[in-house]
Amino acid sequence: MKANRPALAALRAAVNGVDLNRFRFWVQLASFAFFLYGGYAAVNLGSHLPLFACVYNRVGTAGAGAGVCYLMPLQLQLARPWNTLFTGASLFILTGLGIFMLWFLALNKAWCGFVCPLGTIQDWLTALRRFVRIRYSVYTQSQFDWLKKIKYLLLALAVLIPLGIGNGYITRELRAPICQICPGRVLLPLFSGDYSHWNIDFTSTTTVVMTALGVLITGLFLVGAFVKKRFYCFFCPMSAFLFLLSKPALLRLKKDGSKCTRCGDCYRVCDMQIKAIADDVVTADIMADDCTLCLKCVAACPETGALKVKYAGLTIFEATETGFIKRCQKEHCRANASR
Amino acid sequence: MKLDLFAVCLLAALPLLAAAQEHHKQPKPADQRETTPAPESPASAPRPLDSAPLEIVREKAPGEKANFQLCSGDEVVFVVLRRGLPVQNARVRLITQQGWAKDTLTDAHGRARFQLIRDYFPPWGEFNKWARHTFLVVAETAAPDAGNIQDSSDTNGPNRATLSDSYYPSPKDYSSYAWGLGIVLLVAAFGGTSVYLYRRRRVKPFKEVAFHEGQ
Amino acid sequence: MSCFAGLDIGSTAIKVALVDSDGRLVGVHVAATGSHFHHNAQEALQTLLTRHGLAREQVRYLIATGYGRKLFKEADDSISEITANALGAHEVGKAFGGVRTIINIGGQDSKAILIDAQGNVANFAMNDKCAAGTGRFLDVSARNLGLDLDELGACHLSSTGTPLAINSTCTVFAESEIIGLLARGHGKPEIVAGIHYSIAKRTVRLAKRVGIEDRVYFDGGPALNKGLVAALQDELQRELVVPEFPQTTTAFGAAILARSEFLAEASLSSSAA
Amino acid sequence: MPTLPAEPTHAVTQPFSRSRQAREAEETLTHLVNDFDDNPESMDYFYDLFRRVFCQGESLEREGVLVGTTCIHAPEELIYALGATPVRLCNGSYHYDQIGAEFMPAKSCPLVKATLGLLQDPHAVPRVGKLDLIVNPTTCDQKKKSGALMTALGHTVYDLEVPPSKDTEHSRVYWQRSVRALTERLCQLTGRRLTRRNLRAAMARTSRAQAAFRVLHEHRRAAPSLVLGKDVFLVTNAFFFDDIDRWTAAVERLNAEIAGRAAAGFQAAQTKAPRILFTGSPPIFPNLKLPLLIEQSGGVVVADETCSANRMLYDMTAVDEWHLPDMVDSLADKYLKPCTCPTFTNNEDRRRRLLDLARTFQVDGVVYQVFAGCQVYEMEQKSVADTLQRAGFPMLAIETDYSPDDLGQLTTRIEAFLESLKARKRHRPT
């Protein structure tokens, strides 16, 4: 055990000095490939995943995805008649929720920052914008405070509309309403060659509106994610859902306020414009509702130990001065090399 | 400390294990169970079959799967077989529920082709994309074939076989890819332009100095 | 008999204290600093030694304190007068049931020191570059009034009227204020009381900066002035502990330290041997 | 950097080295070097630099545009990026303080008076040459108002507007706007354009200097101490006017030497020497009175929170996207958000920073220097003292100025403070 200490310290130093953005890029790429094409290798992780692994990615082709986003089953399951909804027959809804929780607890919102294919697409659009040297937009603080509420509204709709359907108040054509307007439905099947979700369904007014809304939001998604980092995540009902459940999650973002100089470096790099990450020096559990746990803040923090990532109580990645300087100088070297 | 790392790995692996179990419990999706070989493969080449004097078989569309459904506008192909062998010049008639009918003759491979017509014209508000319509296919051999019916030779009447099936309205009737693409492009163009204009024209106090890059 | 000396070289007076090997005070001596303070310090020490029939060699350890401490090279060690004052006051204060706050008014400065139960300095404050509220202020005022420094206490106590307000905090301006009061025909006792209250107010403000706790110990030359003691007591609303020899508390503290440092060194060398 | 021979360009009756000003510097340097044994060898670069510049009046003139700054708020990276050289004008000379007092209110801060005194001297020391522009951030009232006085002295002054608070998003945006406007002014001045390439190169230079400073800062954590505070103050003071790359190289050498000393078990101060955190008004050469006094009296300054050292070099820039708008805004953020200057309305950060430094550097006590006339530091003093007191760190507040006449009294206070710290340590062994 003792002999391993220096090795462990070296490992920790190596981890803390990692070029996080690069690491995240590869993880995102791998999970993107896995969740969009894993089905071809007969991988099936079930239908309770806390990320946008779209169910529509399976239909019409050879079942391309390696798993399914939980929002679809949730909405369908909730659309049961009310008299059966609160009986033992509906116990499977709870078990579904349980499985979903298990998945989620393992990674907390890192599902958003590292795994979610829709998040990855947004990061790629950001990379494209960076490549063509267009500056990014930011919301003003008041816009931000207003916009961040939308995701809770969407989450409420994802529950209330199916309940309404179950009791016959709402047409069945609004089944899984969030999926109908989700850009994931339109975009993700594209990667396995399915263009059918770009269609506008003229069957009825409802379908016209919903399908048109779907592609309209997709259009906004593409433009928005191009000019604003992680544009869609501000509105994502899954993000809101995950945050509400995040208390017992194993992966945690911790802040030691006494070490923080409030230099704002973390806020500077935050895709989600979370100001509290820099300004809040009291809260130890610093993960905000918009947070995607992309951990860029930890990598951008120059104060040793001020920001930490813990897994089941064990620190796995920590802000260090040496790590910061290493990353910083790597950036400058890269700049010199590109000259 | 080494234990800590081990615990991390174990904890990370837990949901995976749970998922693997769940995966075992689940029935396999239908499309993975399907093992029927495609009709155009050599294994399904015509072969004599005495038990079937005359029959109509719908030929599978390329890439057809278990949940396949016919739609109006689809081309549908039937093969007329006598004792398992294709019949040329058999008269094949397709009659829809509405009474529309069309005749054709089979080709050298015993095939007859039809295009399912659209004959579902409800008012737009009542349109149901799951509206199911049936049709009937009747095949007659042009040259009556000598055969025995109830131990007596039958040389007069035409040899006839029927087949019924159903179809749905074509997605083209109610969905439009062009519109979808159009909306996306329109929104993208509109959004992009407005962002561009907003950035160019906005004269907020703190934006009065902008940087223009160029090397 | 071996003894230990503390030498406090202040701005106006040199104070010497001797303690015996049990830490009991042998004797004290006060002499004017003068312009040749080095010579005067030597002489003061010698005077005290002679008075008690001791030889210079019997002084086993000498600690200097006060402004001149660094320049008195014959000393074994030096210590700041704040620490020495705290030690001395702590030791003397034991007889009064222990003190925690010390007010020291010297010739050029005034200090407030807060000590803990062991006699360690917990906090202290000193007047900034200004002579207001120090012994020098009393000196100048007494001269204006045509009084001797020693007479100020009696004069104050003889006052019957309300003490007059002296508003100027600056020594120089206060001087003209006093002359103005005299010209308007006010009695000397009331003016003296006013001066004492003015000093007391400033001093209490200083003491409040460090925190006033428990009994307050008052030392330094001006503590001999009964009028000032009364004024300070009034301002503090507390009983003051004024030692028998208020001028020599600091020197006594240095002497006590001299003894304990000598013993510490001796035990170190004996344990090393 | 071309260095011209040390010869006065103006007619003087006596050589500079015999002036009152040079004597003042010489005295500080003598104490700083000779009163201590075992100074690091790599400190010789700095001792020599100060001797040449301040005692012999050696010229530091450089080619290109010279931009004077009166505060750490002026973003140096922008100045470097546009090919100009920044030089910090904050001055610690009693000589210039007295000259400044001739035309400034008697109660003003000695630092501002000395800076003005320096600026009225056509042959000011350090001899950096003619200033093309002075960037004067509007921090405290005295600096704000001194801009006009500088203009009256014939200088071109740019008032860089600093918001009075730093907590709100509004002030952040306001400041970013100020920095952008400054950039434009600097572009006009230099006739160059700010590009990603030149800004990035400039940022690489400062970030290397900062990294070197941070290593030095880390070395001060060691107990017993490896390096004395007076040397660190001298090093950071050199950053005011020295060539940045040469400075960085010298600090890196010093760091290497200290690391070697650490490995050899060397200690720069006694094991029991009280460890002092220095805060408040900045010690600037030759006014290193207080840090020197502390270390001459047996203490050791192990950390500081002043704008002539830690606050100037500690905080580093993080950029998310390396294109101009983001880079300039990131720089702006770095110069505003972590700053613990008492001129900001709410300064909880300063107290937290002090507490953190006190804890992580195993500090025994804090010395708080207030320049007579510096209201903001004086006003924050009580809250800082209370915070530190609650956390168990005694604080000594000292109001002083550049004049040497309170040295006797200061010695008593410092010594008494150190003695009380030692006594505390004895009674509460950790």
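Order as written gives the chain letters A, B, C and D; numbering starts at 1 within each chain.
What we mean here is this: contacts are C-beta pairs under 8 Å (C-beta built on N, C-alpha and C of every residue); 3 or more make two chains touch, one makes a residue touch a chain.
As the structure is a prediction and not an experimental result, all values here were calculated from the model.
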By number of C-beta contact pairs, the top two chains: A-B
Rounded Å distance between chain A and chain C, as computed from the means of their C-alpha atoms: 73
Averaged-CA centre spacing for the pair chain C and chain B, given as whole angstrom: 107
Centre-to-centre distance between chain D and chain C (centres being mean Cα positions), rounded to whole Å: 40
For chain A paired with chain B, centre-to-centre distance based on mean C-alpha positions, whole Å: 35
Residue list for chain A, restricted to those that touch at least two other chains: 133
Per-residue overlap in chain B, given as positions that touch at least 2 other chains: 213
Residues of chain C touching at least two other chains: none
Inter-chain touch pairs (all): A-B, A-D, B-D, C-D
In the complex with chain A, residue positions of chain B that touch it: 1-2, 4, 7-8, 11-12, 14-15, 18-19, 22-23, 26, 29, 31-32, 124-125, 127-129, 171, 173-177, 179-181, 183-188, 191-192, 195, 199, 213
Chain C - residues contacting chain D, complex: 67, 70, 79-83, 109, 118, 120-124, 126, 128-129
Residues of chain D that touch chain B when the two form their complex: 173-174, 176-177, 180-181, 183-184, 194-197, 323-325, 328
Touch list for chain A against partner chain B, complex: 1, 4-5, 8, 42, 44-46, 58, 62-63, 67, 99, 102-103, 105-106, 133, 137, 186, 195-205, 207, 211-212, 215-216, 218-220, 222-224, 226-227, 250, 311-312, 314, 316
Of all residues in chain D, those that touch chain A in their complex: 167, 169, 172, 197, 200-201, 203-204, 207-208, 211, 214, 218, 314-323, 325-326, 329-330, 333-334, 337-338, 349, 352-353, 355-356, 359
